[in-house]
Every structure is written in structure tokens, then in C-alpha cells.
Amino acid sequence: MQTLIIIDRPPYGSWSGRESLDMAFSLAAFDQPVSLLFVGEGVLWLNKGQDATGIAQKSVERNLKAAAMFGIESLMADQSACQRFSLTGQTLIDGVETVENLRATLRRYDHVVFPG
Amino acid sequence: MSQESCHFTLVITGAPYSSQAPQTALGFAWAVVASGHAIDRVFLYGEGVHLASALSCPPSDETNWTSAWGEFLEQHSVPGIACIASALRRGLIDPAEQQRHELPASNLAAPFSIAGLGEWVEGVMQSSRVIYFHGGD
Amino acid sequence: MHTLHIVSKSPEHPRFRECLAMVDTNDAVLLTGNGVVALADTSIEVPSPLYGLKDDIQARALTPDSAQCQVIGFDDMVALTIQAQRVISW
Amino acid sequence: MQTLIIIDRPPYGSWSGRESLDMAFSLAAFDQPVSLLFVGEGVLWLNKGQDATGIAQKSVERNLKAAAMFGIESLMADQSACQRFSLTGQTLIDGVETVENLRATLRRYDHVVFPG
Amino acid sequence: MSQESCHFTLVITGAPYSSQAPQTALGFAWAVVASGHAIDRVFLYGEGVHLASALSCPPSDETNWTSAWGEFLEQHSVPGIACIASALRRGLIDPAEQQRHELPASNLAAPFSIAGLGEWVEGVMQSSRVIYFHGGD
Amino acid sequence: MHTLHIVSKSPEHPRFRECLAMVDTNDAVLLTGNGVVALADTSIEVPSPLYGLKDDIQARALTPDSAQCQVIGFDDMVALTIQAQRVISW
């Protein structure tokens, strides 16, 4: 069962993206194949240099950087959304693969999960 | 369509009195068992954990979704599980967590229980279908 | 049917547009909750085949064209989720 | 203090519209001037013939019809949204005034409230 | 800008651990009093009532928004009021409501109280400004 | 300033577009929470004058052009709400 978890809401304003990450890390902890795809405003989770101390939250940037180490197969981002938010090689956190054809990407997974 | 019995895991991410998720999921759940299929578990995640609150007290002419779901779960011996991380943040507490965190009360409604995301992972691994019921906002 | 897309968001929600862009040939869309609002929205083009949950349509007093949308109950919804190779809830 | 309460989310899928109505009825109960404006998908609250028993909710159509009796000054609906959802004289509940210029309408109120 | 002291009513409609509303509102509230102005009341409406839950138990490295708000309200003697209709539906209960509805527990955190929308109406009538803090989703 | 519009919704939320359509001359817009996402969104045109809450901008690692947006703290936010004749929270 290949799982794809899609994050489409921007960071910090709600907890759904954060809780989707927990789902991904959980599957990986049980050795289940899982990838993350960031689309729309969700790509801002991948922006380098996040500092959420001012809003009394924890940045998830470190967790995302360690995704591969925790067994998450791939971190993908919608290329057109990255362009829209000026996310390039320099500003995008390392290890993210940009994808052009979302439809073809979705087709590769048996189980696709959105946050609530 | 397969004639074999299908096993479902249902995941509810929307709260009652804030989304239709628990209502749509319950209609679906009754239809699953009426069609001769089975539900392995119902997993409450994110805002969905509020469905398991024993203290929810809607006006008497509105449905109490906690009771309605509790009835279904008991009648069909289906485990209803609230994700522990979602539940603790949102103030949904069983007696064990009340004691561990020295809280003044607990409020988990029977027959719901609290457990980790591993219960959801098991659904992903073993159920023939995992169906998500999200809020609409 | 390959994928059954269950849409509980209304057309103005970004998730709704994301879904429409992902519907493939051999897929079907089922509107539930706020999703049925699409049946009254003349500003959008809905995909085909399209199903809508009866209780949600009645609640909102919508009268979809039967050629455009098949109005179904929960038993049909269960059958669709079994018939589909994959179900995505938006 | 002239209050305008704006409902922009569709009916029944969330509770925010319903709770906005409660706010309007509350102000009216305390003899405070209040009007309701429905915009975007929110205009569907004004569709005639709602029957929410199947989703185990109460239709608010009756409450809206009695709005004037309860002291709510006016029920207004964005005309372009009504057109978009084919709401006409026949399908729109009685007593609703359609407005063309939302900006001018908003300008008339000291206190403008959106649902959460 | 007016040099006179301004009186605010704050309305929070977003829940903690699901929206930023309680955090943004608290930053604003501290700044109001630091600038020499006053807060007449804080009114919790809709999902915002969850802020008053005594059972909310986030991980120890996350802010407990109920405690953080409780501290502010006590230090500045500001009433924090959860709307009774929103609260009962969502399972936020004080001892009086526990007794009236024969519920197994109550979970309202001090110094919050439960009251009707009339408290909000009073804010609309008497405060110089009513500021709403909504969730972002 | 006539109206201060406080926007906590991101540009893809219908409320954000509704707000932009209502901003009048002599009004100002303050972005908070998810609203600050607008500062990175090259697909929209933001109104002027525009303020953004510093903590929210830093959390998301955004670097708005100072000509486009004035980055402020809560004390400034309080001052703006008093200065405005009317405040609308979107």
C-alpha cells in the first residue's frame, strides 16, 4: 500500500498540516511506504528559515529536513505553486523534488490522504 | 462489484456542531453493515476527537452525535478510537490520562477509547478500504 | 471506475478546484455536505459521472438536472466505494 | 451602533452561519439595530424549500422568514451571487432585498461582523 | 489618534490547536493594557469556547493557551466568558450545567465563566471597540 | 483612516477575495495569521496601505518588500484599531 499525504493549507494558521505530517511519520515508523506532496499554499511549509517562536509554535522545518532519515520516501512540491510563491533552489528546503504533473503523481499511489 | 465482504476503516476529522463529518460518516457506517460489510474501526483525528466528548450537550431537539455514534459502535462491536495526540491537545481525556497529567476530570464517552496513530496505520495496512470524512470548511 | 473522488468542500474552497483538476478518465465524483453546492453554482462546470448525496441535496433545496447528477443514498455510496479501485476524500 | 452581520459560507456544512444568525437575533432581542447580508455561497441560506431532516439538522428557513418579526431590520443578498445560484423571486424566501453595490452597503454600518 | 483610554471587547471564534486566533488575540490583549487602554471582556464564541477547557493538555514544549489566557484575565481582572449555546454543544461545561444536565463531569477552567450572547451584546453597546479574532481556515 | 480590515485568511480563502473587493479609499489592510501568505503570493495584487504582523511573517520566513508592506508589532496593531473609525475582521 503506497500512501501519499497531500498538504494544501499554509503553515501555522491551522493544525491540519502539522497533523498530516504526524500521519506520515507514523506510517514511516511502521515501515509503511509514504510520501508527502505539498500543493497550493501548502508549499510554504517548505520555505527555508521559518522561525515560529514569535507565535509560540515549533517550526516544522527541522522535521521536514529529517524526513528521509525517518523513512519518508519522498518530499514533493507542486512546481507551479513553488513558482507562484517564488520558492527556488535557494529558498526551498533541501531534499524536495518539484513535480510538474500532479495528476500523474497522484496516479502512482493506492492511498491518497488529505488533511481534514 | 465484488460479492465478498469488504472491511472498512473510517476516519473522521471534522467535529460535530462545526462540521457534517460525524453525521455523513454515521449514515455511511449504518449502510456498510446493512450491506453485509464490516467496519474494523472508526478513528477520530484532529477536530474529529470532539465526537468522543461525554460532556457534549446539544439542545434537546438536536441530535447528540456522541450518543448516536456510541449506539452504533456498541451495537456492532466496532472500536471507536480517538487519536491520543489530537485528544490531549483538545482536552479530550480518559481516566488514565487524567491521572498521568493530574487533571481535574476526564470526559471520554463510552465506548470510545484513546490510542495512538498506530491504530490508523493498522487500518491502512489491514482494511480493504480507508474512508475519510472531512469537514466542509 | 478507477478513482472515486468524495468532495465535501464547496466550490469556493481551494480543495474543490484542486479536485476538479485531478479527476481523470474512468474516475467519478461524489458530492457530499457542502460539496453539493456545486449543483447550484452556474459559474462552474461539473465533471461526469457525478453523484450527489440525497440528504444533502434536499437539505439545501437543490434540484439538480438528472442528466448532470445522479442522486444517491448511503447504500449506493457504500457500493461506489467498493466498486472503485481507490477512494480519495477531498 | 448599526450592526451588519455577513454570512458567506454555505448552509449546513458548518455551524458558523447558524451561529451568526443567533448573534443577529440576540442583538434584535436587546433592541439593537441589526441587519443580515448574505454573500457568495451564503445566499443559499435563502433558498426556498430547505428540508434538513435527512441530515438531522433543523432548517433555518422558518427563522429567516420570521426575521422581521423578531426585529431584524433587513435581510439582504448580494445580487450577483443570487444570479450565480439561480435565486430569483420564485426561489428566494420572501422579504429579502437584493443589493448590487456591496461596498456602498457595508459603508452604512458602524459594526460589521463575519462568522468565525 | 485619541489620547483617551479606549475600552475593548475581544471576541475569539477560533479554537487553540486548530487556529491561531487565541494566540493573536492574547498578543493583542497584552498590548492593549501595555498601551494604557482597557479590556472590558473577552467573549468566546463558536469553536473559540474550547479555549476555556480545563482539560486541554498539550505536549510540555507547547504553550497551554488556556493557562496563558487565564493568567492574563486574572492579572487584569478581565472577565472571560464562553457563550453558553456554543459551549454546551461542544462539551464545555461548568458545575451548574453539569448538575442541570446530569453530566458526569465539568471542565470549565478558572477564571472563565459561561453566559449568554447578552454579554456580547453588552460589548457591542458599551465598548469603544469590538475586535474579532477568527481562525484562518 | 476610515476602516481597518484585519485579514486572517489566506489568499485562496473566499473571504480574502471578498475583502479585497471591499477595501475603499482611506482604508488600510492588516494581515495576520494565514493572511500574511499574501505577501509571498505573486499571483495577487495586494492593496495599499498594507500592514503585516511581524511574528506571523517571521514564522513563515517571508521577506516582504518594505515599500509594499509595513511590518508591525501588536502595539502598532492596537494603535491602528484605535485610529480607525471602524475595524472589520475577515
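Per-chain numbering from 1; labels A, B, C, D, E and F assigned in written order.
The rule is simple: a residue touches a chain if its C-beta (ideal position, glycine included) is under 8 Å from a C-beta of that chain, and two chains touch if they have at least 3 such contacts.
Everything numeric in this text was worked out from a predicted model, so none of it was measured.
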Required minimum of steps from chain B to chain F, each step between chains that touch:
2
What are the mutual neighbours of chain C and chain F in this structure?
A, D
Measuring centre to centre, with centres taken as mean CA positions, what chain is farthest from chain C?
E
Taking mean CA positions as centres, which chain lies farthest from chain D?
A
Separation of mean Cα positions, chain F and chain A [Å, integer]
26
Could you give the separation in Å between the centres of chain A and chain D, each centre being the mean of its C-alpha atoms?
38
Go ahead and note the Å separation of the Cα centroids belonging to chain B and chain D.
33
Multi-chain contact residues (two or more partners), chain D:
9-10, 12-16, 40-41, 55, 57, 111, 114
For chain C, give me the residues that contact two or more of the other chains.
8, 10, 12-14, 33-34, 55-56, 89-90
Could you tell me which residues belong to chain B and also touch two or more other chains?
17-21, 46-47, 62, 85, 89, 132, 134-137
Mind listing the chain A positions that touch chain F in their complex?
9-14, 40-41, 44, 47-52, 54-55, 57, 59, 83-86
Could you please specify the touching residues of chain B with respect to chain A in the complex?
13-14, 21, 45-48, 85-86, 89, 116-118, 120-121, 124-125, 130, 132, 134-135
Which positions of chain A touch chain E when the two form their complex?
9-10, 12-16, 55-58
Of all residues in chain B, those that touch chain C in their complex:
1-2, 6, 8, 19-21, 24, 27-28, 30-32, 34-35, 37, 129, 131-137
Write out the stretch or stretches of chain F touching chain D in their complex.
14-15, 18, 21-22, 24, 86, 88-90
